[in-house]
């Protein structure tokens, strides 16, 4: 695999953007500035970015309750997203959706989703659109280890196989569905289950951006070529609790810190880039600084942005009534 | 489908036989409604699915959000339980949750109605459940003419339309023009016009109420019979205007009574046209029980013209 | 659970951490309601499940039919969409379909309610959907005292009980006796007694209506405030008796208005106590929209004491 | 395996009973005597009987829309069943259920079920009861190839594995879900899919009573011993249409007749019994005659039995209201 300088620059920037967006949200939430339920994905960046770097603008994704990374990586606008978590009228959903429902259909983003597993058939639908209209676009469904046990997910693995849909199943296994370990909740073997539905499946280290990028790239080319659905199992780790406020005592003490020190996905990519010589430490530093000020600026924007008007409550229920 | 190739059909056995060694278009849906479309449009646009309602209804929802205009068939509305999330939390809410940035040109066709002794899990009329959900449109035609006009409207509409077809009416015969026409939602039709009492109904219940109206006419009771056509949107105006004239309201509905559609109409009138009401509102519905199998019980369960007449007599007698 | 070892708890993260390397009883449900029970009763009776609502709710239904008394936790009632068939077509209908040969001592606990900015998929109050289904009992407590008495009743009841807990009320504090007591379903409680107007509500809405009642009293308007406690069975008698006295009815409900619970009560009164009504029935509910995220919109969405007062003023002003 | 004379006698009788019950229903329905939707299982008898011959009275089963065979084999009363399809008050569900909802909780029969896949979690629930109360009873869920793609089924395979439930998944693959072939509707490999959930799985020729009896027997002992769920794939064939009234043109012409001639499960068992010498042809003939007159008698009973009273409509909605 040969990653070029530009791609690496872009990938690194996106990963840092997701990370800093999440860190910022965490701080804002602790200060009590943000309403609603918030699920952060910090730690899992190599997965969403590694996959989305393979996608075209007209490809589709569906995401989860833990969706900031996916939608940022696919191209949601940072400022609009920040406005949305601040519940502002200028937000990407005009303040009606919030953290769990970020969407941008024009960029192929069918939305984060508060219902575990619900994004899976929706992504199959987007894939059916591509197939029916003869487009070469594909769909990616991001879902968690917990969602792997939902009927909607399992049914759709079969349906996607039967209809030979251009769909990548991206299972982000962070080891937990809320407080329940995936080792408890998933019966059998993860890859064999997917293969049992006739879907070629592969595991990849979700902390290693390059490995994700490559594995997803291979699968996506196969899918784009009409090969039907593929299944990618990504081993990832989330740093914060299940949602903001979760003390996460179900994890052994020190696990997070150990992980951050040894297996942080940004750290690993950073080391790779520097070793490859394609970008210098100072370039990465600069990216980081730029991202930080972008995020800061977004927060400023969001704080000042107007709230929805009371009358907005009645709009957009129907296209026509 | 000829007019727009974004229109697709998706469901279980809507062709019937896809991939098999016998006839590939053997069924055309469990009632043969979509028969022949497979031959004309092929497996790419008339899509037989595995028995996975959550998945194929969700696929239709996702397809509708991304540019197709799917018509999904759920066979029996009783199966809503197997795909309810995609309707309740996805199709109905996408547009609102996403700040208006998406359209959902989706039609879900499904059978409803008792009378075939199909028992508790294949005879329900669950339009009230869907009417309760903001973001959905809910339609139930009362004749072949209405069915065509409302279905074409549904296909061209940009919101999710839940289309109920009473299984007892597939053999109904009626005048249907060959050309395309649409019937707008939320505009009720007057079947009969009379000044003594207003009767509201939907779907097959309209025809059953009409039998009552004919009987009542012999006794010089003149009823306005309103075919509501859609429950959401609902033509509240026409109902209230009629009640302003007649002062009396009877609602006939085949759904369960509690939090049902008859109650819905009654409540609207009791709050918006109270001043005009001269008698209690009468609701003719089944009892609040599951649907029994035995024909004698099922006949007891269903509304019938006699009960409509009794209800009218009751509101006519009030206060006199 | 101490009293009867056929009582089990089943759901997602009701212990929280089962099988993991950290704390095994880390959560006790998403709101910590069942915390500690795992330690006392163990994994055999406090059962963490995979995220598979259709399956574990169905498992609870099958277990109830065969001799256990399961209390399943659905976390948010919004997730009804993921297990609806097992409630609509199985739990609710078994007894009837099988000619009375089975009992279904099942409780499903779930959160409802907006006010946490949890947006459209985590804030709904879907009691009307379940009230529409014959065979289910539907309960919503309005205080810690009520919650305990109604929950114990639910556990000892031999029918499927759908138990709604408003998520804004978990921090409510109130007097709760240590000993066991039960509160029967279908018997409403009078919060206040007054002769000018009847106000009916459920769950958190009772408390909100009480605030309105206190305000109204200052203006010498005396309201009877009825806490209905359960929607199915419903204490129609108490409602109608009160309306016979006051002649005026306001219903406060957090569910969607169309085919909703407020409409249900209104329709019952408009048909059964029409003669007593001196004013249109007023329903204080959210608008017919999904639930918005932004707090300003969510406040606009929810009923509040001011709107209850406005509704009372309206019915009081009528005809004067 | 050593099948004794008594068992074979019983098995043969039950299979013939199911067959003749179904044939009779078919004729009655053609004459217009029966209300409702009716799904016949004639042809598939070796499966339900071969499995149920391994069950105790306190074991549980759940069944499907095509349930006559399952519930007869588990011990439902013939006369009560016939009364029920005739919609009589003396029917097993007092005329409220009909063909699709035959149940007898006292015999561990949680009901036929009109919702495809719904019986699967219900059977898991019965298995949970056994496990929780420390009984040695187990549950069997009968389901079709079509039901194998339902979320309820797939979720429950995982749940049963995770909770180690005493549950036998009995997949009766008759090649069709309504008019759709299982070869089209099932993605991947049938056994591998079950194994992917960590459930030991095996295929058996569902036309061969002895093979079914033995395979199911092995699995049931393992389950009873606490081994957790097992999965049995039975290849079967249905003679009539999907429901009464279905012309079944999706099947190639002559397929049914060919099957009846070459692979009929009763014919195969008959040949085995005679060859084994345990019963004579005349014994079998006698069984057949007895069953026929039993079924006739049931029809007579049903014809004369009283219909429900109008007031029955309101009873048995609730235990208490």
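Order of writing sets the labels: A, B, C and D. Residues in every chain begin at 1.
Methods note: a contact is a pair of C-beta atoms (placed from the backbone, for glycine too) under 8 Å apart; a residue touches a chain by one contact, two chains touch by 3 or more.
Being a predicted model, the structure only gives us computed values, none of them experimental.
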| item | value |
| --- | --- |
| Touching subunit A and also subunit C, the following chains | B, D |
| For subunit B paired with subunit C, centre-to-centre distance based on mean C-alpha positions, whole Å | 29 |
| Whole-Å gap separating subunit C and subunit D, where each centre is the average of the chain's CA atoms | 40 |
| Euclidean distance of C-alpha centroids - subunit B vs subunit D, Å | 35 |
| Subunit A and subunit D, separation of their C-alpha mean positions in angstrom | 46 |
| Residues of subunit B engaged with two or more neighbouring chains | 49-50, 52, 54-55, 78-79, 81-82, 85-86, 89, 96-97, 119-121, 134-135, 288-290, 292-293 |
| Of all residues in subunit D, the ones touching two or more other chains | 93, 95-97, 101, 113-115, 149-152, 155, 158-159, 162, 184-187, 317 |
| Overall pattern in which the protein chains touch one another (line/ring/star/complete/other) | complete |
| Partner subunit A, residues of subunit C touching it in the complex | 12-13, 16-24, 26-27, 30, 48-55, 78-79, 81-82, 116-122, 287-290, 292-297, 300-301 |
| Subunit D-facing residues of subunit A, complex | 149-152, 154-155, 157-162, 184-189, 192-199 |
| Complex interface listing, subunit D residues touching subunit B | 35-37, 87-89, 93, 95-98, 100-101, 113-117, 146-147, 149-152, 176-181, 183-187, 248-253, 255, 307-308, 310, 312-314, 317 |
| Residues of subunit C that touch subunit B when the two form their complex | 78-82, 84-89, 92-93, 96-97, 119-121, 128-129, 131-135, 231-232, 234, 255-256, 258-264, 266-272, 274-275, 277, 279-283, 288-290, 292-293 |
| Residues on subunit D engaged by subunit C in the complex (per definition of touch) | 60, 62, 91-97, 101, 103-106, 110-111, 113-115, 118, 120-129, 131-133, 151-152, 155-156, 158-159, 162-163, 315-321 |
